[in-house]
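Chain lettering (A, B, C and D) follows the sequence in which the chains are written, and residue indices restart at 1 in each chain.
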Amino acid sequence: MADRYATLASHADFRRIARSRIPPLIFDYFEGGAGDEMTIHENETAFAAVRLPQRVMVDMSAVETAGDLLGEACSMPLALAPIGFAGLMCRRGETQAARAAEAAGVPFCLSANAICSVEEVAQAARRPFWFQLYMMRDRDVVVDLLRRAWDGGCRTLVFTVDLAVPGIRRRDIRNDLFGGTTPAKLLSYACHPRWLVDVGLRGGPHTFGNLAPYVAKARHLAGFGGWLMRQFDAGVTWKDIAWLRNQWKGRLVIKGILDRRDATMALDAGADALVVSNHGGRQLDGVAPTAVALPAIARAVGGRAPLLVDGGVRSGQDVLKALLLGADGVLIGRAWAYAAAAGGEAAIAALLARFQVELRTAMTLAGFADIDTIRDRRIPPASDVMPCDKSGPNI
Amino acid sequence: MADRYATLASHADFRRIARSRIPPLIFDYFEGGAGDEMTIHENETAFAAVRLPQRVMVDMSAVETAGDLLGEACSMPLALAPIGFAGLMCRRGETQAARAAEAAGVPFCLSANAICSVEEVAQAARRPFWFQLYMMRDRDVVVDLLRRAWDGGCRTLVFTVDLAVPGIRRRDIRNDLFGGTTPAKLLSYACHPRWLVDVGLRGGPHTFGNLAPYVAKARHLAGFGGWLMRQFDAGVTWKDIAWLRNQWKGRLVIKGILDRRDATMALDAGADALVVSNHGGRQLDGVAPTAVALPAIARAVGGRAPLLVDGGVRSGQDVLKALLLGADGVLIGRAWAYAAAAGGEAAIAALLARFQVELRTAMTLAGFADIDTIRDRRIPPASDVMPCDKSGPNI
Amino acid sequence: MADRYATLASHADFRRIARSRIPPLIFDYFEGGAGDEMTIHENETAFAAVRLPQRVMVDMSAVETAGDLLGEACSMPLALAPIGFAGLMCRRGETQAARAAEAAGVPFCLSANAICSVEEVAQAARRPFWFQLYMMRDRDVVVDLLRRAWDGGCRTLVFTVDLAVPGIRRRDIRNDLFGGTTPAKLLSYACHPRWLVDVGLRGGPHTFGNLAPYVAKARHLAGFGGWLMRQFDAGVTWKDIAWLRNQWKGRLVIKGILDRRDATMALDAGADALVVSNHGGRQLDGVAPTAVALPAIARAVGGRAPLLVDGGVRSGQDVLKALLLGADGVLIGRAWAYAAAAGGEAAIAALLARFQVELRTAMTLAGFADIDTIRDRRIPPASDVMPCDKSGPNI
Amino acid sequence: MADRYATLASHADFRRIARSRIPPLIFDYFEGGAGDEMTIHENETAFAAVRLPQRVMVDMSAVETAGDLLGEACSMPLALAPIGFAGLMCRRGETQAARAAEAAGVPFCLSANAICSVEEVAQAARRPFWFQLYMMRDRDVVVDLLRRAWDGGCRTLVFTVDLAVPGIRRRDIRNDLFGGTTPAKLLSYACHPRWLVDVGLRGGPHTFGNLAPYVAKARHLAGFGGWLMRQFDAGVTWKDIAWLRNQWKGRLVIKGILDRRDATMALDAGADALVVSNHGGRQLDGVAPTAVALPAIARAVGGRAPLLVDGGVRSGQDVLKALLLGADGVLIGRAWAYAAAAGGEAAIAALLARFQVELRTAMTLAGFADIDTIRDRRIPPASDVMPCDKSGPNI
């Protein structure tokens, strides 16, 4: 673990540093979510509410966190979730994250809305990374992006389906995130000189690296706004996924499943794997936390395809809980975003090391010598509805 | 959405501004409720506790929030609840609200205890609005008010039944709201000059516009106190509703139902529609929150009449939740009162636009293309008692 | 309602004033309880968790809170609980309370450990009051006290059984309540000059009026300590109650029942009525709140004897809830203690008026025209264990 | 009870003093635990959630807290849990604790990782104390320690099994507890002069008294770090316990059982008694609180061996609750650590006196005249899963 970050004991410590480093406007964009942010909160508390077993006197002399994640050998069943604008957290953020993930032996997933292009990341990384996309109105753009991802070495496509329209994020509205530059905003940047130099002055170009070729005359992020909005396609259905399936010969992962019926439909449409996700509480506030939704989906999938989960995973213990609830692996979003903002590649490396030692320790104390043992031992909860899961009705 | 209010992202933002603008005494009157204000709080938390579905890859290219509300075409299934004294929030508050509602395409309901008379509102509005009344001891006054409402174009009468006696509102007692003018009160007004000019100086006359004709020599609000108190009639029964039914040839909506037996009796007495309501927690503290009471009432009504609900509806997501719990539409009370106090008509317009975009987004992400689909999909909860609804017994 | 207290809207308002008036040491004695004070807290929250019905269009033109309480006509089904040392809250506190209760038409119960003797209270009151006692090791004292109570006009004896040993009250330990006078204590008294004059200078003699005759040489409260401690008799059993039954020809009320088996045994031993009580959380922290214990006890008693309840009753709504849970009336303890400390007789009168108007309003809005109707309508909960009453096991 | 501590009414009061006396770094080591410290918190709240009975008119003239604990006569069913580094709380802390326990008539358990050696404690104590050990890689060390413990008079061996690897304690990471001396640390020591003199200057030698013979050249605590880490043996299984069973002819207590299957296996491996423990929340955060795990384990053990429990026991009431949940006795950890830091032997004595009077009072008010009666009356909960124990699933 990088020495400078040795005393950061959890994501909360990275968060604290991140908060002091980057302008509130940007921090709010990363941290916040839809509506009253209940779902963000519940994603975390749902993992907290899961009980781990404590088992003793089991031979734990060789605990192994490594294993297969979607056909790739990984040091632990975890990948970095796609985060748009990650290049605003630290200089060329996606590239730094890809390098940290590679060193730690876990997959990095590049967002379609990244600052760094797939080509730039491919240059920096030796290990193949994952590429995330969502359906755009202009299907030629989709096809071209798939080609570029493939050329960049990506063999796993994470296709996000919970983004028919952008969620309503109140922090961004209050901060007027997508409005023009104001003196107040400039002042806020000036109050964070470290970030200003690292990202503002040395971190350019500030465009969406993947999308820039398709947007005429867009030299700053603001210029992309209208184009992006027009590309959202609320009319996409499973048929389009079937079309996509034909376009992409690599592994197709559908991200944004929260309903077991959708899980089945995704598999029917040709998905190779699923991510149980509510987009980290950034889309529709008030939906089920992922740790609550996961078991029923795992039962519906019944082992036909690997199942990942994200939302609220904040420690190695949470990774173990996710596996016990039925997942084969997790994505972490905000956790690595905080680390990136706190210290770039080195901080992300420290965070990943932290997760791994936590996972190994948790496995040891719970009596699981390796990932397969966890999978074998998990007990499917008896019913779809978690006991006393919430006071209100599930509709 | 009016530009000035573009960064107000939720009712809480309007509330904050309202709070700074109007004297605490008045603010407390609007915000507060009966007893320990548990029911106010639970009205909100009961909606918060409802889980929304997240569905993906459903064709949402044409999401439509518009539909029929009690036989009227509306832009969304929502109306402005009757609020007494709304003219104290901003100059001629009821008139401003009526105009904002009309522009937004939703019904406005004028309170019997409004500052503006039904004639004044009728003058300002082109679209027919709703009129709210409760039984007064002097039935001639009731008959005359019904006539005036009809002449003013009202075709929907919202008859409030949960007001046999006024609730005991501790904030008002502590503030001595209905006591005489004191130096402390005057000072408090003086500390809110904007309100003082807008409402105090330019917002007169400060009488109950609807009731003034019947109250001899009442030139100020204080003069109405005794008269109003004497008009409360705790002896009203369903027989009086039958009598009322004969007096009013328009649509009769009974507001203040929280028990399924009362729902049935209201329909038997000739009601065309019901509002599930605990008067926004202003009457009896400790009753069921409306979101908890609604499903059982919806089952009892069984589609025989439209069902509205109010109490704690604070966002477009809450509107969707109300429909999923069995309602055909909602009323919003405090939400528009806050907006009115924050900025009159323009602010109410901004609030309503916010609700609509929230509702549309929530419908899109939950997979409901229109209001009828929501109604079709709602699953009646299995039992009358919500799971784990509350720790104590329901009596 | 006394004008000076007209803006005090709940017990919390009286409490605030009390807190500013009397020395913290004394305030803590009145307010605090055993252990972590969980039971005090839960006594309140258990009432808060009970749901009241909202019923409409029921003829409420003549709501009546008055009725019979243990054979006495009362203006509402409520009595002032016995409070030891009440004379420390205001000058001759028990006498003031007795007068306020009499004026309000409710019974006052004098504590054995009162400052004012039964003779002094008898002098001040015209209406017979209740007398509270617990078993003392010296049975001659018991017999003599019974005789004096009878001579003072008391016909109802409230015999407290949950006091085998005094509870461990941490505030009192921290404050060294029963230790000697220290400069810190004197300073604290001096900082409350109003109380110092009212109680300290003019409120004497500061002895236990009822017990003084039996304690040689006790001129100050401190002198009673050892005597009182020696009188606690942990060996008392139902046989002693049978003996007591023979000594007392008036009404015998057993106070301190929390277990239905004890309820039955109390009736078998000759009790005329019971008080479900955990001594206001002052004895054993962690027992059931009374509102939770009440229904099962009511079922066990099955109407064979009147059932009172105390602990956490803070408003007229709580009185209605108690009746709906199976009680025939309530005692209030701290509520009147706060009022007494806030303003003596007048404040207690104001508090009682507040309770009555709250009870009447709650009855009106819940559709109960009189006390008997409440009793008829209450639905015994289906099972002994309240639904989701608490997360832990009941042993 | 020592006079100086007479106004300390609960462990929280001792804690407050401890906190002001010892450097934060050390305090955090004692107080903190693994992960988010949820389990520490839940250990406490699980006891708080248990309901005690209130029974009256049972002959309680002779309540007796004394009884047998693992074959030893004790003044109450409680022992001091093994605490590593206790000599950092006050001068020769383990010796002071042993003396206080002896005087109070309860067992003291010496940690393998104590500052004072078994020989030093044996010198100070007359009553045999317990010795705690965990498996070390070097079995010769284990054998030698067993011999020394036996020679020191120990007849009860508490063998800790929940320590396959050390838990991840975030406070210690943040404080860089095991890192080198820094100016900040020195300053923090200097700010606590009382501790500096008592422990730092006069409290030496600062080595692990029990382990020093085996560690070459270790003169300061820091020198032990590497050696200790190498001794952790994650490969230990029940077979090693069987081996241990042969090495130790005294009583063998297995500490760290949280799963009923492990309980059975421990008995099969020859354990004479068990301690239900999650190591006070210091090992794996998120496991069941001990009060929740206890009943099922008690059922599995079925009286075949005595069962102790620790974790979150903070008062005499908690001791009674533990017995009612199925334990035969408790260990207290942090409670005595706080007292030791607050005032050494005298403070521990005061704390133990407090526990005993609390236990006696609780027994009296709950109607249990002695420990055996408690055991007879406890009702095994109907099912393994506590009602509504937690919102999440138990895996």
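One rule holds for everything that comes next: a contact is a pair of C-beta atoms (placed from the backbone, for glycine too) under 8 Å apart; a residue touches a chain by one contact, two chains touch by 3 or more.
Which protein is which chain? UniProt says A, B, C, D = FMN-dependent alpha-hydroxy acid dehydrogenase.
In this text, all values refer to a predicted model and were calculated from it rather than measured experimentally.
Enquirer: Along the graph of touching chains, what's the shortest path length in steps from chain B to chain D?
Expert: When the steps are counted carefully, the minimum from chain B to chain D is 2.
Enquirer: As a test of understanding: of all chains, whose mean C-alpha position lies farthest from that of chain C?
Expert: A
Enquirer: Take the average of all CA coordinates in chain A, do the same for chain C, and state the distance between these two points in whole angstrom.
Expert: 59
Enquirer: Give, as an integer number of Å, the spacing between the C-alpha centres of chain D and chain C.
Expert: Centre separation, chain C to chain D: 42 Å.
Enquirer: Quick check on chain B: which residues sit in contact with 2+ other chains?
Expert: 388, 390
Enquirer: What chain pairs are in touch here?
Expert: A-B, A-D, B-C, C-D
Enquirer: What part of chain A is in contact with chain D in the complex they form?
Expert: Against chain D, the touching part of chain A is residues 6-10, 13, 46, 48-61, 63, 291, 295, 315, 317, 321, 324-325, 357-358, 361-362, 364-366, 378-379, 381, 386-390.
Enquirer: Looking at the complex, which residues from chain C come into contact with chain D?
Expert: 35-36, 38, 161-162, 164-165, 167-168, 170-171, 173-176, 233-238, 240-241, 256-259, 262, 265-266, 269, 278, 283-288, 385, 388, 390-395
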